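What follows is a pair of complexes built around chain A, which joins chain B in one and chain C in the other.
Our next item is the complex of A and B:
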């Protein structure tokens, strides 16, 4: 299920004195089963774009095409919107703030029930989703408010997984977590990607982008400013303060400038650069 | 001279599970100390205890030589300020100017003196042009800078940052990082305590304290604390990129003992063939 955004414009409060053009002529295609990042400074239009991807917002102009769903600003009501929202799961920033039910399992089942699953079936989906985020059975009947920050976040993500979306959009899923919490969440996201879901990650953490994402899209003032691989991005934006180039990439770049044969596209983790240094040294022996 | 001394500090929210257990440490005047630890390790609780927002179960806290108690709490608070995590939760005034004024009003600073103090500290944090702006017009980094101006205006001896950059984008983080450096240059006596998850940021401080499950498990100079990757990983923490990469280089026979600078490491790698 690929996502096509065609000439998308979105204006908040159109024709009012405070109208704001949040997206201006954005076109992009996100391939099925890919793992991509959406980047940009605060206010660049990222949140507006992801809300257009599951029809929480309807384009002012242009279209969003996901499979055979076409969302446009037509007078006719978009009948299939509910189905589309089931396909594209949106995990907002700090999703744990939205937990509200008495027990963990009820909270996770809530979304699935909303999309028409019967009680038992919704609970079954909830249990499966909870296990897949590493929350074991002893937690199911507990109040979500007794959990630690990292656990709450995993429960909140499980709530979206229980809806069984094909595309998962995560807005800053690691914000405020410690390094272990961050690793746990990213491993989970990677697993969902391996299970066949398309992943769209909104983040400021370039280390994560470098490690996990195949492609990045950068928004700037409501327009698409860049589209390509993470290393192509880092190469291009050397001085942009809004994107923090990972030290691993900076070191690779310095080595390359000194004449080492560095293949940037193959560097995701420190080990990859170490391997290239090793290969270079053995070629010189 | 020790600005803060904590001895055998214990605290529990529910009288069952100890959030902080027998914590002891001291911080020298003018030092920049980072407190790191996993979520739930007790970092923020420690900050709240230091400033007297919550009351300890046992142990002693001395701030600038004053033992913290119900009688001295006003004196102690007048010496320190806390900057919180969420920029939106601490913006009280309706404009930047009002927000900086809030603490001064509380402290009963005469109105005629207030304006010049506000202008001085708005300038210190680079927000002079925004005095009449409302918070909705500001970025997260700008709001945190206003919070810092409000704190500095009270001329504290100690400033505590409780994950103050964790909700900011890289630009905002850099603004705050640069401001901390500038503050320390202008006021070398100011003691800075930063509670953070950002290991690269902690690497820049004079000293690092590592908390895990309410206990201090490591403390000392950053290069010493971060030297042990395995121990830190046990406490759910990473080590700064440079140190971890140097370790990996050592494993393939490139030993770099002293340098923590990317250019020098590059040079040493190039010479290693």
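Our next item is the complex of A and C:
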């Protein structure tokens, strides 16, 4: 169930004085069950690209192929689009703004119900999703508007999880959260990846990219500027405006410059670097 | 990105753009009033409407107003236009009797006059919309509210909250694009959760709208709460005497525009008074060409 984007162009408000080409000839393939990051400056076309992935936006030119779903400009079949949206769950930035139901469980079940689950079934899915994001039963009957910011965010993410998508696209899920909130969300995302979902993460936080992602795609002015592993990315670029090399990588780089043999590909957390140093020391004693 | 662009301010530097908003407000309203004068003689009314139309087109060209937008706004009104025609044509009106009959539907006579009346109403509507477009696309919304505040300020003597109203209006105007963006954002988020805003029965649509409106209200209320706090923190006091960053000036250009427009309006009013006081009305074409081509 890979995602293939072929020569994708997207133009906002075409043939008007304010038309903007948000995506220009983007082609990429995202493997099944992978955990990838989508990077780029504000206005580089990330949001446009992810909205093309679940047919919220229809390509101006080119196509998006997910499984046997093909989204192009010519074939617009709304029935299929709904199935596609069930397959590709999109968590928008600040998803807490989409909450509206009277109770937490109803709100989470809302999406599942829209995609055809019966009431009881939807509630069951909602409870499961809520538990997996770490919201316990005492919250189920409360109003979503009473919750704290981080809790709201988790409830909103649960609302997408209850749809049971195979591919999960998250647009800056950690924006505006404190370190604990960030960790909670990322651990949750990692868990979902381990459960077999394909994860596409849009973020500005290179530490997260280094820690979790297998592959990164960098968009620049609507074009694909880089595709590869996080460490290859950090190796290739000097400090960019949008891409700040994480401290851990910089430390590893300094050590490597001093003559320590470092395998950059294997470093995700500080523990990985420590392990490499320890291995090196034990080899030299 | 939003689709509502009707009469939106365009940042050009034309003659009209540079006029004082107070001046533009007054003149627009005055012109709107004379557009609605109906003369006793049909040819006079038609001729004057034609003149207004030409002058407005010139004004739109001078102010660089987009003509396409005018047509677009008309396209949005097609239902209203059909409705007006239907009312005028199918509702019997005794005053049409004796005028030319266009055609019969069974035994019901449809008069040319009905078409003329309906067309005239639509023409006036178009003129008014064009005039409003000139005003709003050459004046920043904020300047308009300052202009309004200026007109309302004498009412402060009777404790009318002129400044508060102007402030509220300008904040409301400021938030229209923000709320539109918010609307598209929430619509997309809910579409991702399987809401279909374009299809389905009445109940489904209603549910869809609810899922849009509640988050929109919540975020609007939160925003206004934050804005209120930000204003209080910066010491906002509605009762305080305020100065403006941009002081409205009535310059030579304004004087020129004012005199020309007032002379024009004065002329039309004179004609109107003559028309209303004479028994047969004032036939402009007859008095100029000494010919009678009336209906």
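Criterion: the second predicted complex is superposed on the first by the 280 of 285 C-alpha atoms of A that agree within 3 Å, B and C clash if a C-alpha of one lies under 4 Å from a C-alpha of the other, contacts with A are read in each partner's own complex, and residues count from 1 in each chain.
Assume contacts are C-beta pairs under 8 Å (C-beta built on N, C-alpha and C of every residue); 3 or more make two chains touch, one makes a residue touch a chain.
Note that the structure is a prediction, hence the values are computed from the model and not measured.
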| item | value |
| --- | --- |
| Side-by-side fit of chain B and chain C on chain A, or clash | fit |
| First, second, both or neither for A:260, with chain B first and chain C second | first |
| Chain C versus chain B, contacts on chain A by residue | B |
| Arrangement angle, chain B at one end, chain C at the other, chain A at the vertex (C-alpha, nearest 10°) | 70 |
| First, second, both or neither for A:15, with chain B first and chain C second | neither |
| Touched partner set for A:271, first chain B, second chain C, both or neither | first |
| Shortest span in Å between Cα atoms of chain B and of chain C, once chain A is used as the common reference | 5 |
| Chain A-facing residues of chain B, complex | 37-40, 85, 139-140, 163, 166-167, 169-174, 197, 199-200, 236-238, 241-242, 244-245, 248-249, 251-252, 254, 262-263, 265-267, 269-270, 272-273 |
| Chain C to chain A touching residues, read off their complex | 1, 182, 185-186, 188-196, 198-199, 210-211, 214-215, 218-219 |
| Residues of chain A that touch chain C when the two form their complex | 12-13, 18, 51, 54, 56, 78, 82, 85-86, 89-90, 92, 95, 97-100, 110-111, 114-115, 145, 159-160, 163 |
| Touching residues (chain side chain A, partner chain B) in the complex | 41-43, 148-150, 175-181, 204, 241-244, 246-248, 250-251, 254-255, 258-260, 270-271, 273-274, 277-278, 280-281, 284-285 |
